[in-house]
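Shared between the two complexes below is chain A, which pairs with chain B and chain C, respectively.
Moving on, here comes the complex of A and B:
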């Protein structure tokens, strides 16, 4: 477990952190700029010193105000990927990669060859950092941090300084590294897109405080967090597997615990785990099974909760059986349809809304999730509407 | 060129190299203190280091004489403990040149230290390097352009040092008579004009060579660091 329980006043920011994170998988620290996310991981790294509390990673205490423990940065055994890469300009790419490797203590679990292979660094090794593109630089920075043999990897908005094509280039590498190297990752981001593609655990940071912490799909599905995530970005996350492709129409059918979804074609083999983020504003509701509509993703469920929002909106959580789906509709529609907790409804999601930005690798198979077992029989009552 | 010119040239080069080498570690240390430390006497140190830039060189030479001369306590101690005598010797010329060139070197090195990205030093520490390790593996290599141009500047300044040298180490042929002192001597000698002119030409050639080399080194190291 990673126990973060500390505070620090930094100018106008009053950082008060109290979360426990799993010691495996990717934990995202999500929040707006200036919310204190970077200060938080800088305290874990030892760059910012808390004024009280405790920081513990596994068995190792990094900081404990009461006992006076404060490990120096270099003794914490962390890898840190900065937003601005921070490669050493006087060293080649290979020299940068070796910098941490040479200084790593204990047994080396992350090998040179695997890092070079996973991050695609082979043809870059002899180059100098200032000759690299932004995306290449960030990949080298990630490799350098991994070869340092860290027990925890910190990533501070590693994609924020990249343009969209570079982001799309680096993101798959990050997805892969979390799968390939069994290593807990603390990932700071203000992009809900990145978070849903990468994270298993989500911590929401707001005004210096850790206001929510839990499993990603769980935190995302709770309407009370919508204002923190942003009305237009808030939604549900479903873990699915690829069922089949329809090459004629360039579509892919996904299966999850409560049914199927049809999305624009994704290049993954059937059986591959994927994660789909469905924004609440892309979900419509109907009282009866909708016919004669263009929408193919139609899933039945029951209203679980209705949360009125400011202005015209209402957040409706629909229980699909084992998963929930959130819909953002107007309060007027809500009243017109007479929605109440328990009302049976049909949810509708346009395939077009589920573009590549919303669909990503699911990074690790979750044995507890039936969605990850491709041979599980279809649940009765979950008609394959996508067929 | 005759013996006088050769002697003066070789002595000047020797003094320039020795004074640069003597300055370097202290200049890096002082630049560090001025740029990075929160030393209480920082402003005072800054003033003392820069004094040779604004004081007449003769004053510096005289101050050296009364503190390091054989009858001064420090000079006497140097002589009895290490057998080093500074007045009237080449070593004395080196010390006078070093004191005069020191502020120039400190300025160049301090500027390069100020421009080192602290983020890179933090990154090095997250990669397992201690503070001292970071100094040698990151900070000093990144300061290299400034260290080199500071050293070249100190070398060139040492070649031209006159006032402090003649006051402190005197003007002894083959021992303390560097190029500028040789020029001065030639101008004071009847029929010395030809020698003086040759020495002046030599000094100018040296200065041009030093500046060219300094520029070239600076450009090379900047390119090595990816700064254009």
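Moving on, here comes the complex of A and C:
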């Protein structure tokens, strides 16, 4: 377990953290800029010193105000990937990577070859930081942090300084590393898209406070968190597997606990786990089974909860059986259809709304340890280099 | 040409460099990161040799080295002869006079290294000292080079302070600059001219080469 329970006043920001995170998988710290996410992660790294409280990672206490424990940065055994790569400019890529490796203590569980292979660094090793692209720099920085054999990997908005194509280039590498190297990752982001693709556990940070913490799909499905996530982006997350492809129409059918979803074609083999984010604003509701509409994703359920929002909106949570789906509709529609908790409804989701931004392949079956995971999903092809 | 004076000047410049450079690294690095409110005063004090007449600096140094002062008496007790008007005294004076020439480039070089990079080094497991030695020093290298060249060239050319504290003892304190003055006074224009030209060439070449090197290093850094 990772226990973060501390506070620190930093100018106008009053950081008050109280969360416990699982010691495996990706935990995302999500919140608007200025919410205190970076200060939080810097306190874990030892760059920011708390005023009080305790920071513990597994058995190791990093900071404990009462006993006066405050491990220096270099003794915490963490890997840190900064928003700006912060490579050492006087060293080659290989030299930068070696800096991580040389300082590592104990047994090496993350090997040089596997890092070079997973991050696609082979042809970059002799290059200098100044003639790398932004995306390449960030991949080298990730490699350097991994080779340090960290007990915890910290990533502070590693994609924020990259443009969209570079983001799309680096994201699959991060998805892959979380799967291939079994180590906990603390991932700071203000992008719900990144968070849903990467995270297992979600912590929402707002005005210096950790206001929600839990399993990603659980936190995302709770309408009370919608204002913090943003009306446009809020929605549900469903863990699915690829069922089959329809090449003629370039569509893929996914299966999840309560039914099937048709999405634009994704390049994964049948059986591969996929995570789909369905924005509440992309879900429509009907009282009877819709017959002559273009929408193919129609799932029956019952209204579980109706949360009125500011202005014309209402947030309706529909119980599909074992999963829930959220719909953002107008309060007027809600009244016209006479929706109430318990009302049977059909939910409709346009396939077009489930584009590549909302479909990411998830990493492994939840709660299975990497060693037991029976068949890891097909590795994604390394994206083409833009050299 | 006065071979003795040339050799003495070279020796003085070399010894000054050996003593001053480590001091300049520590002092420059400290000034680059310190947040003490006395920083402007400390910087001002270290820059004094740039603006004070060499006679003023030389006067105070002479007083400090005399047998009225603790330093002068200590040196005499340990070494057996007075600090003033000796090669040791010359080194002492030369180090002090060159402080701004050595410290300022080093300080600028360390200031140009982002604190972010220091954090990154520590996150890679380096202690502060290891980060200083392995990351900051290699990055501050152009500044160190500038400091070394400026100190060396300036020591070769220093006149006023050397005359004040060293006197004019051939083989002990008579440097090239003093020797040139001497020869000129005694109308030995051939020798004075040759040495002046030598000093000019050495200074020009070392400065130009170092500026070129620093420029090249910095250009590579900037694009990083």
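Keep in mind that, in the parts below, the second predicted complex is superposed on the first by the 366 of 387 C-alpha atoms of A that agree within 3 Å, B and C clash if a C-alpha of one lies under 4 Å from a C-alpha of the other, contacts with A are read in each partner's own complex, and residues count from 1 in each chain.
One rule holds in what follows: a contact is a pair of C-beta atoms (placed from the backbone, for glycine too) under 8 Å apart; a residue touches a chain by one contact, two chains touch by 3 or more.
What you are looking at is a predicted structure, and each value in this text was computed from that prediction instead of being measured.
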When chain B and chain C are modelled together on chain A, clash or fit: clash
Touched partner set for A:148, first chain B, second chain C, both or neither: both
First (chain B), second (chain C), both or neither touched by A:90: both
Which of chain B and chain C A:112 touches, first, second, both or neither: neither
Touching partner for A:130 - first (chain B), second (chain C), both, neither: both
Contact residues of chain A, present in both the chain B and the chain C interface: 45, 47, 72-74, 77-80, 82, 84, 86, 88-90, 99-100, 103-105, 128-131, 144-145, 148
Chain A residues touching chain C - in the complex, by the definition given at the top: 45-47, 72-74, 77-80, 82, 84, 86-90, 99-100, 103-105, 128-131, 144-145, 148
Chain A contact footprint on chain C (complex, rising order): 114, 116-117, 119-127, 135, 138-139, 220-221, 223-224
Chain A residues within the chain B interface of the complex: 45, 47, 72-74, 77-80, 82, 84, 86, 88-90, 99-100, 103-105, 128-131, 144-145, 148
Residues of chain B that touch chain A when the two form their complex: 117, 119-120, 122-130, 133, 137-138, 141-142, 144, 224-227
